[in-house]
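So that we are looking at the same thing, I have put the structure below in structure tokens.
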Amino acid sequence: MINKTVSNAEEAIKDIPSGAVLMIGGFGLSGIPENCIAALLKKDINGLTCISNNAGVDDFGIGLMLKKSMVKKMISSYVGENAEFERQLLSGELEVELIPQGTLAERVRAGGAGIPAFFTPAGVGTEVAEGKEVREFDGKLYLMERWLKADFALVKAWKGDTAGNLIYKGTARNFNPMMAAAGKITIAEVEELVPAGELDPNQIHTPGIYVQRIFQGKNYEKRIEHRTIREKR
Amino acid sequence: MINKTVSNAEEAIKDIPSGAVLMIGGFGLSGIPENCIAALLKKDINGLTCISNNAGVDDFGIGLMLKKSMVKKMISSYVGENAEFERQLLSGELEVELIPQGTLAERVRAGGAGIPAFFTPAGVGTEVAEGKEVREFDGKLYLMERWLKADFALVKAWKGDTAGNLIYKGTARNFNPMMAAAGKITIAEVEELVPAGELDPNQIHTPGIYVQRIFQGKNYEKRIEHRTIREKR
Amino acid sequence: MLNKNQIAQRIAKEVKKGQYINLGIGIPTLVANYIPDNLDVVLQSENGLLGIGPFPTEDQIDPDLINAGKQTITMVKGSSLFSSAESFGMIRGGHVHLTILGAMEVSENGDIANWKIPAKMVKGMGGAMDLVASAENIIVAMQHCSKDGQSKLLKKCSLPITGIRCVKKIVSDLAVLEVLPEGGFKLLERAPGISVEEIRSKTEGRLVVEGEIPEMKFD
Amino acid sequence: MLNKNQIAQRIAKEVKKGQYINLGIGIPTLVANYIPDNLDVVLQSENGLLGIGPFPTEDQIDPDLINAGKQTITMVKGSSLFSSAESFGMIRGGHVHLTILGAMEVSENGDIANWKIPAKMVKGMGGAMDLVASAENIIVAMQHCSKDGQSKLLKKCSLPITGIRCVKKIVSDLAVLEVLPEGGFKLLERAPGISVEEIRSKTEGRLVVEGEIPEMKFD
């Protein structure tokens, strides 16, 4: 099987140009491609469109890209917890398309799976429905939604192999599998990279066919947004 | 978590009535719910609609249900390897709806995932397109296809737990996960049933939410349709 | 007048054995504290988990295990993990029996507004629009009135709505109300010490009162 | 005239390094025998496997591991297993680079018929319609003529078609041909000992012959 390994984040993202459409995995700060984002921050590019469920926080994740004014447009479902984001949005610097979370997940899934459009009940009768086809099936109303694809998808997994197969951990899976499939070029960073053949084929979450480049990331911070604990009994 | 265990196949399928719409997992003879089919054969019911990629062979799988004239209609993608099937079809005893395999998989997936309709390129310009809406997206033609659901879905997994979580093995996974989600009542038979908590949550293929009844099957024959081997070197 | 914990406690009584439930952020999260163990319910987190457990102890914290409110959590026995697409497939496909969420406004025909205050709050809808469009039973936890005393149970929502004709029941700090299929808030229970008259005066939408309205009971 | 193995051998030359390939039942399955290892290609089985290995030895046989032709198989290192929905998502989404399949008829505009003979064969299309509607490159392995000498490379298919305008290349027992975007079969290579004239006489659709047509070479 072809070896998709690249040496590091810098090499993996070196051909991402200004104006590119990116998908960035993660939910909140969980399962985000920290190494790729750090490498992007070192590049002199802008005008990016970022498709990501959230927009990071002020000093972590996509929030850092916003601070550097690299992002022209965000396509997300929830963008709270980010003052710089709110400032850019209200000032008109940043274009934002807000999409129901399930619709976002399904549009990305559709992009990877070759489904150009589908119907969902989410958003019927709301401002999300503006300009969209509404159709009744079996007595209920649905909106037609289109697929989403990206020039580059940046995903983060727990384990990966040189053939590009990925296994995620916990709720850090979230949007990563669909984005891996919807990127024209998909770049995967993993905590542990092993030779092809070492992962159980039955436990792969993202088959290697979707991944064009893979590398072992380093220094994962895995910032926690809301640290909630209980007392030990 | 609620315990979904029933004692055996007979108990699991006892309320399946004549005229029910069934989904039956498997591809060829791999990953088929052998125990449930055997129990159905002992019941005096007929007029069933079976949604299954294949129709078994003359003396195994759904082929046995056809022989007993329990099936009114098959919804499948490939029904070769079955003389009795062909006889019933040509004589008009059996109604058959043939669907491209990917469309079948996606229609079942849509049924489980609450997507009433979607667009696919498969079948454009062929007799499969007859009576269906054709629509152009980004310069390519697509057919609109509807979801499929079932009164009962019968699926077969390798391991399962009392909460209904399932893990499949090898290519015996095939249609089982989507069917598990698209059944109003989903009955899972497994080779090994363990208490909730013994399966790794990260390795579950079918979350227990989709499964209403589960039991440990017995005497799996796992018939091989084409035994192909090579000489040991 | 109920406090947040009492609202959560009252909502917990609506839960049935073996249900799969999605709890929204805020008061709905508190509901988990009042659901008896023997009901064997399973809590879904729309970011990809069935089987939310209690918050972790210090040494159990795992940054790769959070709920939809981005709080660190644990898993119970029998949990499963999955992608966001699978998660919303579950929600949209009607497999989640009950959704409990907060609201800024509810209208008498069951419309809900809880995601946007124009020119003021632009955080996004998250999974709320999918949840309200999909779940077979939606219960809202909310304050009956705004801080300046305006009713939030309205004839028609004034804020951008999240979903239409979807709310089945409301537990507010003043009352338990059912949204009637034909429209209108049917008063089911009063908070301890709150009169029907007070509820009527604080409900802008059509209030339906039939017979004697009991006070809520807490164990 | 090529035999089945030679057709497979010739098709194998079309394979490029690192491709993901779906091989249909029959001659296409034989192509695997001729793809050099150093090309690092990955074979997809649409019933849920990437990374088909050789047939098993007697003691490796696993009834839970079959290909789309229901034959027992093995897996190579780096394989992955998945559901039929994921598998056809891969196919439909254009992730599979090359599809090689058999045909009963091909028309000069690239239509293919390979699933049904009315009133005679009603086995179903299986995954063929999805594959031909989705793959970016489709190569057909076929006999140039029927047993009674009728051309199968036609102006228009007479049998019910599987997909429209999708076939890019044909390797028959007589020739290698490209289907031109504007229609027509462009002759690229002749089977050893077969003349252009013979190919012309056995091709009902428009045949385009430009310059000298080389004979196929086999190593």
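Which chain is which? They are A, B, C and D, in the order written, and residues in each are numbered from 1.
Simple rule for what comes next: contacts are C-beta pairs under 8 Å (C-beta built on N, C-alpha and C of every residue); 3 or more make two chains touch, one makes a residue touch a chain.
Since we're looking at a predicted model, the values are computed, not measured.
Comparing the CA-atom centres of all chains against that of subunit D, the greatest distance is found for C. Subunit C has its Cα centroid 36 Å from the Cα centroid of subunit B. Note: centroid distance subunit C to subunit D, computed from Cα atoms, is 55 Å. Mean C-alpha positions place subunit A and subunit B at a centre distance of 33 Å. Residues of subunit C in contact with at least two other chains: 49, 81-82, 88-89, 91-92, 134. Taken residue by residue, subunit B touches two or more other chains at 106, 109, 113-115, 120-121, 169-170, 202, whereas all remaining positions touch fewer.
Contact between chains, per the stated criterion, is found for A-B, A-C, A-D, B-C, B-D.
Listed in rising order, the residues of subunit D touching subunit A in the complex are 17-18, 20, 40, 42, 44, 49-51, 75-82, 86, 88-96, 134. Of all residues in subunit A, only 27-31, 53, 76-81, 86, 89-90, 96, 98, 100-106, 108-109, 120-128, 158, 169-178, 205, 222-232 touch subunit C in the complex they form. The touching residues of subunit B, when paired with subunit A in their complex, are 106, 110, 113-121, 135, 137-138, 140, 142, 146, 167-170, 202-203. Contact residues on subunit C toward subunit A in their complex (touch as defined above): 45-49, 54-59, 61-73, 81-85, 87-89, 91-92, 111, 122-130, 133-134, 160-164.
For subunit A in complex with subunit D, the residues that touch the partner chain are 1-3, 109, 111-115, 161-163, 165, 181, 195-197, 201-202, 204, 207-210.
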